[in-house]
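So, here come the structures, one by one.
Heads up, the next two complexes both have subunit A, just with different partners, subunit B and then subunit C.
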Partner chain A sequence: MIKKTVRMKTDYLDDYRLIADLPALVFFALVTVVFISIPFLFSELWLSVITHIALYSIAVLGQNLLIGYTGLISFGQAGFLAIGAYTFAHSVHILGFIPSIFISGLIASVFGVIVGFPSLRLKGPYLAIATLGFSVVVFQVLQNTPAISGGRMGLSVPSFGSKAEIFYLVLAFCYLFYIAGYKIVKSSIGKSFSAIRDSEVAAETLGINIVKMKLLSFAISSFYTGVAGALYAIYMKYLEPNMFFITESILMFSAIVIGGIGSVLGSILGSIFVIAVPQFFVGMKELVPIIFGIVIVLVVMFEPLGLYGRWIKIKLYFMNLPFR
Partner chain B sequence: MDYLISGLQVGLIYVLLSFGIFLIYRTTRILNFAHGDIATLGTFIALTLHQKTENLLISVVVGAFCSGVVSMLFYRFIIYEGERRGVNPLGLTIITIAFAYILQSFEIVIWGAEPKDFPSLAYGRFFIFPAQFVVILLVSLFLMLGMYFITMKTNFGIQIRAISQNREASATLGISVKKVVSFVWFIASFIGAIAGSLIAPLYFVDQFFLFDPFVKSFIGAVVGGLDNPFGVVIGSIIVGLAENIFGGYISIKFKTAFVFFIALVFLLIKPEGLLGREIKERV
Partner chain C sequence: MLLVQNVLLKFGEVRALDDVSLELKKGEILGIIGPNGSGKTSLFNVINGIYKPQSGKILLELNGEKIDITNTPTWKRTRYGISRTFQNIKLFGTLPVVDNIILGRNIYSDSGVIGVLKSVFSMDKKDYINNRKKAEEIIDFLDLKPYRYSLARDLSLGVRKKVELARALAQDPKILLLDEPTSGLTYEEKSEFLYYVKEINEKLGISIIVIEHDVKVVSSIANRVIAMSFGKIISEGTPQNVFQDPKVIETYIGTERI
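Here is the complex of A and B:
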């Protein structure tokens, strides 16, 4: 008797479809039910940790589109996060919650395009330095202009609701952005991103508009990060410049590397790792970076695809279980 | 005038730091993000030894030696193994970021997070110049001339230059790439840690104190061109001067932002750096 094997994809549209068949639909529905019931299952502390993971994973996915798919190494994440958060904190009084979340994403993506222009000429380490500079500039401007950052006391953000309500808000955005991210990756835009990553010259000869695609990649990724910044402002309820130091960029970068460079699901796994692991080491905060560092070294050496690559291997193992 | 001197002083420190970055980049094609942190480790060791022995000169040299050894071991047991497994340069760069992470918290665990004072090699003034400036000038000139002599006149220098041009070819010609590159990492971090000890009296020493100079010397190297040693020197001095003159006359709050701004302008006009050669890409 032949075991039912993996369903082959015969069509381009097949690859594009998020929910391919009935088992996938059931799985998707089950996961949704589990997510919705999270506030009833976990304590207050873990609920807020999960909320943090969810909003962080939006930003990580956005940067993964830029770093993992388009191959533009950027350390501007902290800057975009800050721009999103502060835009939200200032516009929420005028526009209300949901519109100003999108507005902060838009403002961040405008800055993303501006930062993206150097990327047309700089590559590799040079771009990394230029974007690192962007983060530093945003940080210094925030630190030195009390009009934006609210001065020494920090800037408080109006409360959205109870912890569960914030969680549902973040969850809704997570779903929206992850489905959109999945579609982007599978569409022609995502394919051109990976083509640019693999070889810029070859991609250009195939008729891909490099300028447009690179700027688009920056715009999309900073939109994601800006929205995550706005959600972060809602989650933290107050803002100060120190929350957006360059270490934030490096933390997000390590989330991408640990989770898996160039994978949508890996972004979730990476942010779970980066946010949840420090929770187990509350007593010895100094050890957390050591653990991160060692894990990153091991991941790069032994599993270049990150936790996502491990997950695929485990899945394949169980799929043809009796034979191996 | 004071700003000129302080700019030149900082610029010379950036030269020493960026020279290490340059050496490592040329031989392994990796940007060593842990460079500043390895140098910080050497500075910490020098500080502890100074408290024990009261002899600053020896403790600085021993500290620099220790950080050189750490960096050599790091290359030999992590980077080299990674290269052998076929990890690409980007992955290796990520490993150096991770190593920087590890070193920073290691330093917190051992020496604590509070900033510490570092003694100066020379106090007072020397004619019209601050004595610390004279020390920095002499030491960096000595190290730079030494490096020039080593790379240009000795057999070992010829091996380094051969590896930086073509690694596979020099391996087939009988150069032990592993040994030479390990020693290059040693030299790079040795010079870096001496730079750290020289700049330490101007700052307070904590585990992040070299991050800012590291980033700026990196910018200096990029502005000058990462494949030309003279470009690296000139770029770093330009960055140091520009930063301090801007900070002195216009606004001290935005001087780091200004440095990044000039870097961006330079890179947009000449992406390969002031004295660098253009890199052609092949498919």
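Here is the complex of A and C:
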């Protein structure tokens, strides 16, 4: 419906391409120019906040593939983030920055597959509890294993460069992972994920191997989260177990719900929300969870598609403006 | 084509299928009738692999070869050419019609890590075009063009049934299982649907088993009919013979008019 009001489709490939026409290309180029100018436009504090949002949104997109698209409610996020971050902090000394980021993703995705096994048997709240358990275990292991976590002193991470350099590194990964995310979502794999969410029986009848696809979804999502964890380590320059307490899982889940379940763009909007909002309440940190709680309730009640759904409605409103 | 041999399926004490044997011959339309709860849908679920029978066998005859699929998982049976629709329509509600139908083509795309890498590096373009073309052909055939980009959950019952048929056809099946395809449809929708079923059978050469309550419908499309009651096959033959069988008339008395 939405697509038809925009313009007539000329070609099946329009549904395949990420950038289907000239206006979209111009928009994409403009957005890129804006992103590249961010270090020149914002103060150091806000550059830092934006970098955090950007790296966080990679993890949120990954988890949205699992939770939003495949429909597997999971709270393993804190665990995968931690595995990514600590893998990076240790491997960077041997492999260097860029390879370590990818290795962190890979190791996290191995754990993703292992954690995914219960998902084949457990459903709904039971899976949520099992994956939350995983995050608790990772946290406990970090707290009790100084060899990994650096003990009471924490673990320091070699400096990648200036704040602007770190921002550009994160931005490059954002582009890479968001383009890949869009491609996956539009591909037959992504559609299979949504099919599993909407009806497992029908999906299986169409020849989708549910077991394989659920594990694949866990692998992809934890790969994303592991990479985000590595970028987080670079960004923070320092790691301690407390940064990966299970509340991180809940925060990321909030980002997905607020931004938009099963929406790529919503993953960015949700990340902006959960990272930026606390910045406005620095003096009243206690209020933040309450605000998130209220917003989640409102979203679930009035806008199940989250900020992304709201955005679509606003966009449609303006596109149809002359006719109203 | 398809052989069901002495299948027993029990739910606790209920014998949903009690020593059921039947054969679907190549190119035919086999009708299945029977009162509610007589085991018709269970039969499809066993053929399809959603239910595992306690005993008995499901065999496929492809290219002169007999393949035992009794223990084959559902998703693999699809690859042998079995496809179906559901009595209580199971579409992917949050996806547009065109994606629902393209999903019927997923066995012709790569899955797993290779599929992910191919999509990320745009190497799945050819597959996409092929699958999309096939989906569009079916959309044209079933006259679904106006609904291409509508979400499946927003459609009327009649259109949803057609989309489900389209999705099943997209698999290029050899055997099509239709579970009460015309129940709840208006007279016009019914005759349209039956027209398509006949076309699919005659033009595409797909063998069909259709569960159907409406006697007129069954008589008009089925080459052969099987009547079930309490999990057992009670009569089998041409539509005329089965509908005149006293056993069939007896089970239908009070439930439906013949």
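In this text, the second predicted complex is superposed on the first by the 314 of 324 C-alpha atoms of A that agree within 3 Å, B and C clash if a C-alpha of one lies under 4 Å from a C-alpha of the other, contacts with A are read in each partner's own complex, and residues count from 1 in each chain.
Here, contacts are C-beta pairs under 8 Å (C-beta built on N, C-alpha and C of every residue); 3 or more make two chains touch, one makes a residue touch a chain.
Remember, it's a predicted structure, so these values are computed and weren't measured experimentally.
In the superposition on chain A, A:192 makes contact with subunit C only, not with subunit B. In the superposed model, A:220 lies in contact with subunit C only, and not with subunit B. Of the two partner chains placed by the overlay, only subunit C lies in contact with A:180; subunit B stays clear of it. In the overlay built on the shared chain, the residue A:212 is in contact with subunit C alone; subunit B does not reach it. Contacts of A:16 after superposition: subunit C is touched, whereas subunit B is not reached. In the overlay built on the shared chain, the residue A:257 is in contact with subunit B alone; subunit C does not reach it. In the superposition on chain A, contact of A:202 is made with both subunit B and subunit C.
When the two complexes are overlaid on their common chain A, residue A:272 makes contact with neither subunit B nor subunit C.
Using the contact criterion defined above for the overlaid structures, shared-chain residue A:231 touches neither subunit B nor subunit C, since it reaches no partner. Annotation: subunit A residues 199, 201-202, 205 touch subunit B in one complex and subunit C in the other. Looking at the complex, you find that subunit C touches subunit A at residues 48, 50, 73-76, 78-79, 83-84, 86, 90-95, 98-99, 102-107, 109-113, 115-116, 118-120, 122, 124-125, 127-129, 131-133, 136, 149-151, 167, 171.
By the touch criterion given at the top, residues 73, 118, 121-122, 124-126, 128-130, 132-134, 136-137, 140-141, 143-144, 199-202, 205, 250, 253-254, 257, 286-290, 292-294, 296-297, 300-301, 304 of subunit A touch subunit B in their complex.
Of all residues in subunit B, those touching subunit A in their complex are 31, 78, 81-82, 85, 87, 90-95, 97-102, 104-106, 108-109, 215, 218-219, 222, 226, 253-254, 256-257, 259-261, 263-264, 267-268, 271, 281, 283.
Residue ranges on subunit A touching subunit C, taken from their complex, read 1-4, 12-13, 15-16, 180, 183-184, 186-192, 194-195, 197-199, 201-210, 212-213, 216, 219-220, 262.
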